[in-house]
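Next up: some structures, all given as structure tokens.
You will see two complexes here that share chain A, one where it goes with chain B and one where it goes with chain C.
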Partner chain A sequence: MNNIGIVSYGHTKYDFLPDDAPQLMKGVIDECLESVEKGISPKDIGLVITSCVDNQFSNQHQTGALALRYLGNLDAEAFRVEAACSSGSMAAYVARKMLTAGYVDNALLVGFEKMSGVSTPTATSILIRGGSPEENLNGITQPAAYAMMAQIYMNKYGATEDDYALVSVKNHSNAMRNPLARFHKKLTVEDVKNSRIIASPIRLLHCSPINDGAAAILLSNRPKDFTDTPVFIKGMGLAHDTLGVFERSDPTSVMASKKAAQKAYKEANVGPKDIDVAEVHDAFTPVELMIYEDIGFAEKGKGYELIRDGTVNFDGKLPVNVSGGLKGKGHPVGATGIGMLVESFLQLRGEAGDRQVSEVNLGLVENHGGTGATSVVTILGR
Partner chain B sequence: MAKLISFSLVSIVPPPFKTEYAVGIAEDGKGNRMPVRIEKNFFDSLKIGMSGRVEKKVTDFGELTFFIPEIEKKIEKKVALITGATRGIGRAIAIELANRGYDVAINDVELPDEGKEAIKSIETFGRKAIFAQADVSKYTEVEQMVNSVQEKLGTIKVLVNNAGINVDKLITNMQPEDWQKVIDVNLTGVFNCTKAVIPHMIDAGGGKIINMSSQGALDGPIGQANYAAAKGGVTALTKVVAREYAQYNILCNALAPGCIHTRMTDSIPPGQLKERIYQIPLGRRGEPEEVAKLVAFLAEEGNYINGQLLLINAGEYL
Partner chain C sequence: MNNIGIVSYGHTKYDFLPDDAPQLMKGVIDECLESVEKGISPKDIGLVITSCVDNQFSNQHQTGALALRYLGNLDAEAFRVEAACSSGSMAAYVARKMLTAGYVDNALLVGFEKMSGVSTPTATSILIRGGSPEENLNGITQPAAYAMMAQIYMNKYGATEDDYALVSVKNHSNAMRNPLARFHKKLTVEDVKNSRIIASPIRLLHCSPINDGAAAILLSNRPKDFTDTPVFIKGMGLAHDTLGVFERSDPTSVMASKKAAQKAYKEANVGPKDIDVAEVHDAFTPVELMIYEDIGFAEKGKGYELIRDGTVNFDGKLPVNVSGGLKGKGHPVGATGIGMLVESFLQLRGEAGDRQVSEVNLGLVENHGGTGATSVVTILGR
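Now for the complex of A and B:
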């Protein structure tokens, strides 16, 4: 499977955008095709997978077939995948399996979400669907579920609200260097700690924003036909856990990400120490500290040390979320996973501009759905 | 017996929920974990690992499981701030609420003998009463007053915006300053006090705001353009507050008293007053204590009354 690589990409800015969902899709499909360095005919793309979390956001069914129209190849096959916030990575996971099986040679993945068309309460009620039915019934929103994880983590391991705030500060600082990011505003720990409570102890500035956006990548099992510098998927793991945080024996761990990371490391035949840069799923910034532990960057209960000592800063030994992460860059849910892969692609090709990390040989992307019932971890390299 | 594994106070809530609520994860004696609701008034006492019991309740949103912590419910201290309360209706409200267990802050621009007597009589039945000096038309004074009341008595659970003045003249005789003065006290004063108190009520988990509008807001009394307009504004403001803050369990209503036995109606020329009383089916003025009882009802019992204008006039205006 290690011959499968990313050839090109398309990526909108994440923001409140004037385009509707189909226009967002078309924009990134066009950009992705036009940026194939050696060119590609639509007829050579046999598969399109779209990723969008909820129709109530994007107001469009049959997005697979619609994407084929925009691609210009109605003879290809297409469908949509949904795995809450990990939908984008799920599209990549499925495509890679199909490419590996020789089902097609080239696959276009299109993630998008048009979230600004609904009110914030409606968006909250849509996003709560990523939790378990029991959580939904009790009004345990996504921030509330993460809040309960964060509460236990502080109580058990001695992390503080300052540590959680520092993740937001870091990711906003990183987003300053990313023209595609939603926020270009530096934060202080005090800004975060003084922002209003959403679900205690989670505050507004711990939360990734609701916004629009789309991202696309072209995957190929003969990527060098299309570019001399593809980025290969070296390893990829998909794993699951319960939807409800209450059902988990250890709510301070995103166990699906832990299992997915182990699978990805094993396939790539590398370990956490080999990773040079990572994008992880900081939908609510406290969880970023737990992810450090789950993907092996820190021992259990010591993830917060990495934010305190600056290891994960842009100029640290192991930069995490240099794009700004979901917090600073934005989180148009269906696009997020593909957008994260785009960031790793750019870092590995040395094309990340002001946010380029030096000497990147291996990148890691951790993208999970809900509070971690589905997780996909991808390891990418040149 | 169950154990609390974690908890959170959800402030931004999804439809169909409207008001903030507490949630948690509880573990029963057999090690089964479940999502739970927790009554909000327990929130400040919650700790990971604390004991309690779980109980299923059928609600409008389905059957929810509640965690009831094993602690005594806090006895809520009741504090009321009544503006313009040294005389008349305000004074009667202060005494009525004190009778019902409230510590009261009596606001006015000065403290006349009637006010001093009210404070003394409240103290005789064991409640605290303080004079809270402020001109409600001036926000900085109001803010200082509210902070001082919070410090001396505790969180304000009931705000009665009663302070009012009248400068009655036909519009042709009414000077702009006559207009402005009444608007400043009777309408801006309500806004100022409401704005200063609401953040404290939100922190405390709710409260009641009761505004004195007037029958004059409804029936166009000749010579009271400023007063009627201000009271109409109070009615409109009441509805906005009711919608904006119900999610924090703050309920806001207004009263429209008719002809009440106060200095204001005492000043009506006797002949005119008799004519007016003749229009009242009950054939008499209302007493301030009768208005105070309605305020106390709203404060104590009115948990499903919000954004309403309640008329208390013995049928004079229907």
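Now for the complex of A and C:
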């Protein structure tokens, strides 16, 4: 599958945006097609997969067919995939399989979410659907579910509130350099620790924000036909865990991400030490420390050392979430996975502007759904 | 792809059911696995694709991961696909591609919808999402969109209200023989013509009902390992049209179904005359007459002759919707496409009980989304 590459992208700012869901889709489809360096015709795109998390956000069924309108090719095949917050990476995972099998040569992936202005009490009451039916029924929201994980991790491994705060501080600092990011506001550890409790130990400034946004990428099995500098998907893994945190033998690990990373490393024939830059799923920042462990950047129970010693900072040895992450860049849920792939694409092409990391040969993207019942890990290179 | 076969199924009654969405899923997964004649282990199933149309119905994201719980194998891969009312067939379409490419050997498809008890004014206000953004914004509900098609078809080709009523009469009559059907109530042409107007010329008794339900099938690329009498998918086509009825040059044709049928016939190397029994997407019964034309059962503008002369009746030469169709059997939207495949499976195995059609060698299933922006046509045989 290693001939499959990303050749172009589209990406809105993540923010409260005036556009509705169809306008968000149209914007990134246009941008993605127009930025193909050697040009592409809509009829050369045989497959479109859309990613959005909730129909109540999109106010639309059949977003696949709608994407074909904006693509300008009703002869392509199109459908939506959904796996909660990992939907974007899932779209890429499924498309890559279709490309590898030779069913189509080029596939367009369109992730979007219109989270503001939804006609229900709060977006959180929609996002609770990402957990298990039992958690949903008992009012365990996503922050509450992550709080259980964060509390157990502190008790078991000695992570502190300062460690959790440092992740938010780092990701907001990184977002300062990203013009597409939701927040351009520096935080201190004290800011985070003084922000209001949402579900102890999770505070407001540990939570990724509600916002709108969209991202698209064009995947090809002949990427050099479209650009001299494609970014190849070197390895990709999909794995699952129980939906409910309460069902897990070890809630301090996102086991699906661990398994997905192992699959991705194996396919790419590399290890954690070979990765130069990573985007990980910090929907609630404490989990970022657990992810370091699950993707092999740190030993079990020692993830917090990487944030304490600065390894994962922008100027550290292994920068994580240089985009600002879900916390600082934003988390329009259906767009997120594709937006993370866009960040890795930019870093590998040396086009990340003020946030460009030097000497990037391999990037990793970890994108999970809910508290990790689904996870997709992707390794990208030139 | 012609080695891919259906080996077992699960299917609830379509009705207002006490089960919630997870219970509906569990029920059909259990039934589908337990009815595999030569037995199967959950670990032999490498892929699960779920089909449901709206998260507001399911109250759940990540139904793929939830299905793995009920399957009892977290090592399989799982995701949801959505393409409005064609989601069930889309799940089969995508799974068949994955099986053909050899990524997995066996795939479980789970369609379901919990439409009753939804916390919004009406299910219709959710199902309006199946149309174009413009139709949605202007309050063109699904019955209203179909009404435009039905009115133009009458004007253009001379179909009458009696013809439309006869489709409902036939499908309700057929549903009498189906224990899984929502309605067991005979209708007369007068009943239909006297029922209240929903969107002229569409009356209440032209409309498929809101109800709950679920259906599952097990697809295998080694189907004889699991049963001596699998039903093979001989051909399958996916095609699209504009989302909005107003965007179409000819609103009296479901063009996506026409194109999808042509692809399916071509792959199966058969024609309309070879089909013995068909299930078609009579979400609103007038469209059934147009579908006869689009799938080649009748010339353009002459579909109504088949209902007038009884060709498509249970005892006719080419029975259509012997299950009762969406009108008589019911239309739990995410389950529908898979339920239609189950009906064809039963007819081809000679297991359809009181509604068994004699000498069935080839079955056809036509399943479209919204008013036909997405359509999947499947041809099944032994």
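The definition used in the following text is that the second predicted complex is superposed on the first by the 379 of 382 C-alpha atoms of A that agree within 3 Å, B and C clash if a C-alpha of one lies under 4 Å from a C-alpha of the other, contacts with A are read in each partner's own complex, and residues count from 1 in each chain.
Convention: a contact is a pair of C-beta atoms (placed from the backbone, for glycine too) under 8 Å apart; a residue touches a chain by one contact, two chains touch by 3 or more.
Predicted model only: the values in this text are computed from it and were never measured.
Measured by the number of chain A residues touched, the leading partner among chain B and chain C is C. With both structures placed on the common chain, the touch criterion links A:101 to chain C but leaves chain B unconnected. Residue contacts after overlaying the shared chain place A:5 against neither chain B nor chain C. By the document's definition of touching, neither partner reaches A:88: not chain B, not chain C. When the shared chain is aligned, no partner comes close enough to touch A:111: not chain B, not chain C. By the touch criterion stated above, A:213 is placed in contact with neither chain B nor chain C. When the two complexes are overlaid on their common chain A, residue A:152 makes contact with chain B while staying clear of chain C.
In the superposed model, A:381 makes contact with neither chain B nor chain C.
Contact with neither chain B nor chain C is seen for A:303 once the two complexes are overlaid on the shared chain. On chain A, the surface patch touched by chain B in one complex and by chain C in the other comprises residues 132. On chain C, the positions that touch chain A within their shared complex are 20-22, 53-56, 58-66, 68-69, 74-84, 90, 94, 97-98, 100-101, 103, 126-127, 129-130, 132-133, 136, 238-243, 369-370, 373-374. By the touch rule above, chain A contacts chain B in their complex via residues 120-122, 124-125, 128, 132, 134-135, 137-141, 143-144, 147-149, 151-152, 155, 196-202, 244-247, 251.
Against chain A, the residues of chain B that register as touching in their complex are 5-15, 17, 21, 23-25, 33-37, 48, 61-62, 64-65.
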